[in-house]
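I'd like to ask you about the structure that follows.
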Amino acid sequence: MSDEIMTQRLWTGDYYNEGTGRSDIFDTLKEECGVFGVFGHPEAASLSYYGLHALQHRGEESAGLCVTNGESFNYHRGMGLVKEVFDRDKLESLVGDRSIGHVRYSTSGDSRLTNAQPLIFKYRDGDLAVATNGNIVNAPKIRRELEQSGSIFQTTSDTEVIAHLIARSPKEFVEAAKDALRQLVGGFAFLLLTNDKLLVASDPNGLRPLTMGRLGDAYLFSSETCAFEVVGAESIRDIRPGELLVLDKNGLREERYAAPERKALCAMEYIYFSRPDSDLNGSNLHASRKRMGQVMAQESFVDADVVTGVPDSSISAAIGYAEQTGIPYELGLIKNKYTGRTFIQPSQELREQGVKMKLSAVRRVVEGKRVVMIDDSIVRGTTSRRIVNLLRDAGATEVHVRITSPPFKNPCFYGIDTPDRGELIASAKSVEEICKEINADSLQFLTPEGLIRAVGGDNQDDYKGGLCMACFDNDYPTRTDFDGEEKFGCTC
Amino acid sequence: MSDEIMTQRLWTGDYYNEGTGRSDIFDTLKEECGVFGVFGHPEAASLSYYGLHALQHRGEESAGLCVTNGESFNYHRGMGLVKEVFDRDKLESLVGDRSIGHVRYSTSGDSRLTNAQPLIFKYRDGDLAVATNGNIVNAPKIRRELEQSGSIFQTTSDTEVIAHLIARSPKEFVEAAKDALRQLVGGFAFLLLTNDKLLVASDPNGLRPLTMGRLGDAYLFSSETCAFEVVGAESIRDIRPGELLVLDKNGLREERYAAPERKALCAMEYIYFSRPDSDLNGSNLHASRKRMGQVMAQESFVDADVVTGVPDSSISAAIGYAEQTGIPYELGLIKNKYTGRTFIQPSQELREQGVKMKLSAVRRVVEGKRVVMIDDSIVRGTTSRRIVNLLRDAGATEVHVRITSPPFKNPCFYGIDTPDRGELIASAKSVEEICKEINADSLQFLTPEGLIRAVGGDNQDDYKGGLCMACFDNDYPTRTDFDGEEKFGCTC
Amino acid sequence: MSDEIMTQRLWTGDYYNEGTGRSDIFDTLKEECGVFGVFGHPEAASLSYYGLHALQHRGEESAGLCVTNGESFNYHRGMGLVKEVFDRDKLESLVGDRSIGHVRYSTSGDSRLTNAQPLIFKYRDGDLAVATNGNIVNAPKIRRELEQSGSIFQTTSDTEVIAHLIARSPKEFVEAAKDALRQLVGGFAFLLLTNDKLLVASDPNGLRPLTMGRLGDAYLFSSETCAFEVVGAESIRDIRPGELLVLDKNGLREERYAAPERKALCAMEYIYFSRPDSDLNGSNLHASRKRMGQVMAQESFVDADVVTGVPDSSISAAIGYAEQTGIPYELGLIKNKYTGRTFIQPSQELREQGVKMKLSAVRRVVEGKRVVMIDDSIVRGTTSRRIVNLLRDAGATEVHVRITSPPFKNPCFYGIDTPDRGELIASAKSVEEICKEINADSLQFLTPEGLIRAVGGDNQDDYKGGLCMACFDNDYPTRTDFDGEEKFGCTC
Amino acid sequence: MSDEIMTQRLWTGDYYNEGTGRSDIFDTLKEECGVFGVFGHPEAASLSYYGLHALQHRGEESAGLCVTNGESFNYHRGMGLVKEVFDRDKLESLVGDRSIGHVRYSTSGDSRLTNAQPLIFKYRDGDLAVATNGNIVNAPKIRRELEQSGSIFQTTSDTEVIAHLIARSPKEFVEAAKDALRQLVGGFAFLLLTNDKLLVASDPNGLRPLTMGRLGDAYLFSSETCAFEVVGAESIRDIRPGELLVLDKNGLREERYAAPERKALCAMEYIYFSRPDSDLNGSNLHASRKRMGQVMAQESFVDADVVTGVPDSSISAAIGYAEQTGIPYELGLIKNKYTGRTFIQPSQELREQGVKMKLSAVRRVVEGKRVVMIDDSIVRGTTSRRIVNLLRDAGATEVHVRITSPPFKNPCFYGIDTPDRGELIASAKSVEEICKEINADSLQFLTPEGLIRAVGGDNQDDYKGGLCMACFDNDYPTRTDFDGEEKFGCTC
């Protein structure tokens, strides 16, 4: 008996997203960053605290905030969650009505406090703060050129290059910023703050989400609309590809620094990253994900006894699948919500004995049942295999895996931390082979067409529904190599 | 516009259950405590850490653990969550193969560290540690008598009386404990530890859950089965009413200290307290709650566009209601998961401006829709009114409230912290009046019969399905007053 | 060269008294405790904070404070320094005009928070708090008797027995306290607080210092007068042997519970424990210690080039010795002031390489010089040997050690933590043998007569100058064994 | 009576130097910084921990350490004391055999973590770390020029300019550093670290102390020799004015980047800043300060009953004064050693009632006595007045103030934080006027000649004894204004 119990357990490494609980079992596909800006509200720092907190799932490693009252910068950055980095005293010391804030996810060894954003610079015209989400593909090349002509850098973050480009330009600030932005290739959302102005920019393909809201007379900017809800603000519109907004004492000025190119918003924001209560392109994401489950059910129905979703990100899709098929939705998998970074890991001995920390199958729900397990993606395949086995060990007689995205085959160059192509299981293997490897009875992926249909709305007529699906189909909207060197991952 | 936004927000006080997220909007019906015991495992402290963590939703105020290797006690108690109270160094210092642990919820001003359990005593025969869940109705009377004869107390916890009763008895330990237990009236689950023995006892009605598991040769005891799952243990059976288990060097001995009375397990454990992945009386609680939603749908169908549950405790029931009615289940309400005790509360100004911390309605889901809102109970009514208004302000055209328990009319004497009868809205008002007060379009409660049916299983033939439903029907299984003084609330 | 440097270093274990810096090189003779009481001041808690802080050198392990406003107790205790245990919020929550506080030094494994004083009890007549300094020689005997009749204890502190004796007495509180005090044998200073009364008591020999002060209309009580200076209070008088002060709504009542016996104030308070700016029996301690140095110079002059004192406790005596002899006082030894409990200890390798943390000889001061090294006591001799070698390695040509106390030969039964008699070097060896063992060129101790003369004042005519010198001459003022069992050390 | 007590108290603001205890009553003359470098020791980080700790009195605001193993930098910086900034884990992560460390005092609002040193830069040739003590008078001018040509800065610290000057130079690193150093005017000690090399430089006047030691094969560099003693190293020699030491795989190379100018070591290092167990120019500072007291006694004897020094910095001089005059040295003033940054300040009410935190007069020592009070300097005069009044209120019949430095009349441009000239009392008033203002019976300052004589040794023949006494005589060794703008204070 105890053997059976022991193999039933799951151990999924020590990364855990306390808030969303989503990434804990996806040990490879990590969040990027989130930005939040305020212009014209006397409690800019407090608003940002709640706003950044709503974006916490986009980055849990460090948080920062830079506020100005028009005279000078007040800022604070620290390692940890928003609620750990800021306390009441710190917020009260951040006086001003304009601010930019940032939550950061970092890939590994470079998780130094000095890389925490907003980055702050002093140059000829005064102070400059920068917060960004995304990745600049040609940053290494630009950096090398700047260093050759005597620039010194404080961080390993490529975000620093935009400050140098601006400082080196003979033009005034807004024009200098436009010149600088035009030199960058990649997917990015930028907030730039001086004591006079707030600048807001999106890359020419609109790869990363960035949206505008209003609270009374104040303008707010956020990676996701859920942050507007939390602070009681009204959602206005998304920032457009190639757009540059300038906010200063004359109010808001809508400019552009580049012609818009093909609209290509990251598909993974729909599938997995953004919060279910955020809207993308005017659609609620819980609803979109439920539609993914429904389309999935149309595309690949399977007769079964229960539908269960891998918590938390696939619950919406699982409910959609259940509704469409009439198979009941059950709580077959449960996540331990308390676990977090400070949690003590079990000893090797206890781990072998079956102490499980993050995810467990609910035996009374799945025992003797044919289970449809809904998940949002398969990266390396190891996690999927573990969850399938967890269900089998708890007595599931069949496990049918349904993935609400197409096979993930290519690395992302625009801010999502993905493993090398060689580690992406879908890059090398067929669906049948993956099915076998993860020990499932059947496996189906959502088709690209199904994904576009589920995302739906006014995107339908756009090229590929206005989505970047390069990770599925290798069709990248920008150049991706410079000096023969590919750079993927996350800049911030 | 801003008026509308402002009234749309919810502010629910500063209590928050970080783990379950359940009690944050029920500002009056609080958890009781949880206990976890180990006998015969070399890593008793580490197992208890994971076990208590799985019971964290039963008490977030303090945590404690007492371990013995047969020679002497090692113990640690602290204010806060399990993961805050213990670190690796502390766990490693708690050497021994037997232990009792406790998580505690406390009612208010008495949240002193000195009340944190396990309580530790030194008496004639050595060391004694006690951990309990429940309430001893006649504790004040016993305490007065003890004080009159010269006893001094260290805590305000009534748990201390059992130690005095044992210390005063001329009999040996097990018999002294039986004598002591026989003097207690109420609902309680006790773990008592000496350097020689572990004693496990349940009150004669089995009011509070307490269950036994095995891990290899070790015996485990827990308030809920979910803690066994987490540590890889097998669930064996529930402790029986009036039973006293004795574990010592001779192994497990099953005794009783009192004849069992009417079986009366707390109905609110089914409805609200226990974790959805725990089993009670052999039934999975997610499944039981889903059945409550289904029975509810049969009892009080209403035509609507969406079903939504108040997170997190009513999600299961909402899905059941949706399945039964065919009305789609949607994410109409969302809870902010990061919020916790350390979170900074917004200023009065920001609060008025609409900063909402814990619960928000998802406008795109409920706007223009007729909504069925599933919740598990109504205590004072204020919270329900807020949530209904939240949905209305987000555009819901109708809000139909369905409560998966009968009206809550009477205080609990067995460990649940309830307000005075005068504050219980169902005690004074009719369902129609409550419906009006909470601003709902319709309101229905689950019937007692429906509840028993949903809980189901082998309980069906027991008196009232083996449940204590005194809070609904005023039929208390024990005496409730002594010296003319009623004592309700939680002993631990 | 490096060999010479390496042997020049000193490593003195990991105990360090951050405040006084005194005990760091006396690894065996440890402080006892300190008490501070307030009656009748609206800011009793804040006064106690500063008062206990001034007594910090008497106990660095834990600190505690219990305050009452006449209605109920507010208290807080914690491990660490006064400034670590209390913060502004905690002080502000301790509302009341009467209080007793405590700083505690503990001997070892028993340093549990539960032993931190004031101890708090609940008994028939309400709440009782107790703070004490000293040792009750017959506490184990009393405790055994209490346990036999059913008492349970929460701590390992013998202070708890007085609470049980009071609770068991049929008399009213003050008389019950007198009865209880009469049963105790030893050296002790007691503060007892109820919601009505503050009781202040000293043992019949006045072994432990306890003194009274006034601040406006309030009465203050403290182990040392330095705490009065810090809070701006006036010093009034010492508590007399066998005295019991009762403070309540009728003001101060001076009573006694026992006839005074031979006055016997601890000589080590003069020599070493009390702060140099405190007064004992009306004499300033810096001045007393300087006189010890002067008398020492008269008793045992030696021709030398420099006089240096072992910091910090022997600086006063060294200056006295220098003044009397005309040999210049120099800074031959220096202590590193930052070191404290949180300081990282060097690795074994670095320690061997000469990293020294606490004390170093100043080469330019002692090189080529004949040095008189003044110290206050020799316990085991190991530390003295290290310091002598330190001076030699820094180039001293001769080292003459002068100790400002008689040889320490017997353990203390009244609150000072001393090693067993077998470890006291003076118990087994002659002065010549000790001189050889510590590698000094000459060694002299102050005579008992010289000590009495230096302490001086109105004590001269008392038996032994009113001092307890049992650690020097084995003449204990009380019985020291009960049931054939000796108990020495510190009760608190 | 209480009036008298109330005026007797001292309140000296909330700055306190926990380690030296010296600056707590000089609310205006603040420490500068300290540097510590290691080349060639496998435990460079641990050595630096102890070394920086020994230099803690030179800067308590932040501490930092950058270590390299020849491949890459590991560094850590934080706000607080050395023992707070580093723990064992951090030290163990700082692997390498070469390091530079820094403790920083900062003047006020600019106490940001980003200014904590060592500063770290990335430039064309790799990584560069810089730690400095002192002030660069022409830094603002250089910075403006750099910004005009496109440089961006991360800190407000002028130390950053040297990194930019090096990064902009077309020459290789050592030559680029020499060029850069030649452009700087001021008083400074520099440590520069790359993965290949450690550079050590002193300004052409040798204004700031910087000294070299050896530990086995390793070279150490420190602001003061006391840090060598602590780690068991041998003191070798001071770094010479205009010298540049280069340490790399070829060992130590002694070069210069500028011709030495007039030797002008800061006189305040002798009088007040450096630790008494450090050597400056081969003389022990306790001995030097004692000689200052002796020379003072010869220059301005006064008949009195006791001599007392303001702790801790003037104890040595007071003993010298006492020895020379035969007037006994007594402990007339005592400092509370526990007080620190975390200490709670008394409420206004308690302060008025006489709670004193830092310094108190010992009544039994000074009552009815004529007191000579030795202090090291008078800056604004307010503190001196407070201490004189403290002594008078404790009963001193006469207070004669003797200051062991000439009148402080001019601001420092080389790293000491001084108030504006207008606030320096000696700048505007005569000695008689100051005497009156501080309420003394007599006041005398040490003469410049007396100071030189006391400092003594081989400096006697140098111009002004090799000292910078600009703060006394306005004779600055360098230019002090650029672009018409004076810059004084501290660069680091």
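Chains here go by letter, A, B, C and D, matching the order in which they are written, and residues are numbered from 1 within each.
Quick note on the criterion: a residue touches a chain if its C-beta (ideal position, glycine included) is under 8 Å from a C-beta of that chain, and two chains touch if they have at least 3 such contacts.
No experiment lies behind these values; they were computed from the predicted model shown.
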For chain A and chain B, chains touching each: none
Chain separated most widely from chain D, comparing mean CA positions: B
Same vs different contact residues, chain B with chain C, by half of numbers used: same
Superposition rotation for chain C onto chain D, Cα-based, multiple of 5°: 180
Separation of mean Cα positions, chain D and chain C [Å, integer]: 36
Distance between the centres, which are taken as Cα means, of chain C and chain B, whole angstrom: 49
Centroid spacing, where centroids are CA-atom means, of chain B and chain D in whole angstrom: 61
Overlap residues in chain B, where contacts from two or more other chains coincide: none
Each pair of chains that touches, named by its two labels: A-B, A-D, B-C, C-D
Chain D to chain A touching residues, read off their complex: 113-114, 120-124, 128, 147-148, 150-156, 163-164, 167-168
Interface residues, chain B side, partner chain A - complex: 1-2, 5-6, 8-9, 18-21, 43, 46-47, 49-50, 53-54, 56, 81-84, 86-88, 91, 215-216, 229-234, 276-277, 279, 283-284, 286-287, 290, 316, 319, 322-323, 328-331, 334, 336-340, 342-344, 346-347, 349-350, 353-357, 360, 362-365
